[in-house]
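I have placed the structure first, in the form of structure tokens, so that the comments after it can refer back to it.
The first chain written gets the first letter, and so on, giving A, B, C and D; residue counts start at 1 in each chain.
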Amino acid sequence: MAISLRKARTIIRKTLEKGREMELKPLSVVVLDAGGHVIAFEREDGAAPGRFAIAHGKAYGSVMLGMAGTAQMQRAEGQAYFMAAVNGVYGGQVIPVPGGVLLRDRKGAVIGAVGVTGDTSDNDAQAALKGIETAGLIGEI
Amino acid sequence: MAISLRKARTIIRKTLEKGREMELKPLSVVVLDAGGHVIAFEREDGAAPGRFAIAHGKAYGSVMLGMAGTAQMQRAEGQAYFMAAVNGVYGGQVIPVPGGVLLRDRKGAVIGAVGVTGDTSDNDAQAALKGIETAGLIGEI
Amino acid sequence: MAISLRKARTIIRKTLEKGREMELKPLSVVVLDAGGHVIAFEREDGAAPGRFAIAHGKAYGSVMLGMAGTAQMQRAEGQAYFMAAVNGVYGGQVIPVPGGVLLRDRKGAVIGAVGVTGDTSDNDAQAALKGIETAGLIGEI
Amino acid sequence: MAISLRKARTIIRKTLEKGREMELKPLSVVVLDAGGHVIAFEREDGAAPGRFAIAHGKAYGSVMLGMAGTAQMQRAEGQAYFMAAVNGVYGGQVIPVPGGVLLRDRKGAVIGAVGVTGDTSDNDAQAALKGIETAGLIGEI
């Protein structure tokens, strides 16, 4: 199952709505497909200019490794040189913290990832999860 | 004048609508701010996976040089090594063809750029121009 | 509000004057705009040749993340692999220590950053703050 | 003879004054030392954000090769692959066109370079020459 642009928009809008409901700082949200390529992205007014790269890095690592942000963070904390080396082979494009959320279909297959940044990593992940669920998909934070 | 996320969404939606009206191939559209940083991006279903980088490259060069895609293409055709060198100092992030469209405010100041890719470069630029005008901004193709 | 070249010159001159008053080592000072792009830079006689990159790295990370040098250092000390990863997505252009100072307007919006290097990180930041205040702007170290 | 910050400032100010006198577009001017390292830079209000990299690239190639912009351009036109290869070994940091001006002392030794960008390459070079002469140095365009 591919994520349509329509679904990606829903994920982004609902993530941003959740962020406003939780009174988070301005968020930036990216949706990647199963190949790690960008489908859609939005950065809220007031967010720092460099947020695309952070959101992308969270989601990109999730898709490329098939491992969500929380699991990546655990690996980085236990074996920092491994995640540094992973970043070497992926061109430095991985941000291994929560806010990188895997998208799975009903059978559990990875169909993409969402990357959220702007508030604490945990809040970023919670907002993403809401957006993903509203779109009828399953998220793994 | 900064481009709000709301304006960026309007530019993207109207560009995509114009593309469908013109019966173009699936389009990808990015909106950058005055510093060349991504505000929003959407890739239509059916577009090739690598389209973010192309759309981004068209818009990024436009902002960084203060020169729209058509002018960049003319320079590349007349002095290829110059545009190649420019790409070197900008990290290879510039695609010097139409479809990179400058956004100007009423006083003529550059406030960002739109990058469109998917169909011919000229059609990409025409679709962008429609989206920009609908958002009440001035585009330079 | 954009930082004019005139304002950037004032920031640099007053930062250097403060450095001489505090009897600091030769300083280098950069002023970036809200998109992280260089407006002006000066390196005092006697400073090491590589100081542009250090000054730039302090200011660039501040703008891109919307987080001043002190906050970046705290994050780097608490979660080293995160700041290393952030540097990956920003092309290795971030120096996460004091001396990277955010420039804010009266409403609190980030309008650029100053990067100072040459003495201790804390002295660098204090000199920058003086230059920023003399220019009538608000600095966050 | 080393170029002092005071001399570098004079070069920049006089180059900008000349630019205004010639009614050129907003200019950006960098002064590099004999090792190719930045001493000072200024970007006039209204210049595109990416101008530091262009000014730097013109001056950097001049110092590193000991060959001014005009000579580099001739080489690029006659043997494009050579200048492309030069850019490979210098990390893509060379812009081989006029506006990169060598600074020489009275004995003819290269002591640095000036890079100017914003108008046509030839106008950029003329403005630089004026700034250099006012500073009592010898320029080679």
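Definition applied: a residue touches a chain if its C-beta (ideal position, glycine included) is under 8 Å from a C-beta of that chain, and two chains touch if they have at least 3 such contacts.
This one's a predicted model, so the numbers in the text were calculated from it and none came from an experiment.
Undergrad: Report which interface contains more C-beta contacts, comparing B-D against A-B.
TA: Looking at contacts between chains, B-D has the larger number.
Undergrad: Using the average of all C-alpha atoms in each chain as its centre, how far is it in Å between chain B and chain C?
TA: About 31 Å, centre to centre.
Undergrad: Hey, how far is the Cα centre of chain A from the one of chain B, in Å?
TA: Inter-chain centre distance comes to 25 Å.
Undergrad: What whole-number Å value describes the gap between the mean CA coordinates of chain B and chain D?
TA: Roughly 30 Å separates the two chain centres.
Undergrad: Could you check chain D for residues that touch two or more other chains and list them?
TA: Counting only residues that touch two or more other chains, chain D contributes 49-50.
Undergrad: Looking at the whole structure, which two-chain pairs count as touching?
TA: A-B, A-C, B-C, B-D, C-D
Undergrad: If you look only at chain A, which of its residues touch chain C in the complex?
TA: On the chain A side, the touching residues are 46-50, 53-54, 56-57, 76-77, 80, 83-84, 87, 91-97.
Undergrad: With touch defined as at the start, can you tell me which chain D residues reach chain C in the complex?
TA: 2, 4-5, 8-9, 33, 35, 37-45, 49-50, 52
Undergrad: Under the definition above, what is the set of chain B residues touching chain D in their complex?
TA: 34-36, 63-67, 79-82, 84-92, 109-110
Undergrad: Once bound in the complex, which stretches of chain B touch chain C?
TA: Those residues of chain B that touch chain C are 33-37, 91.
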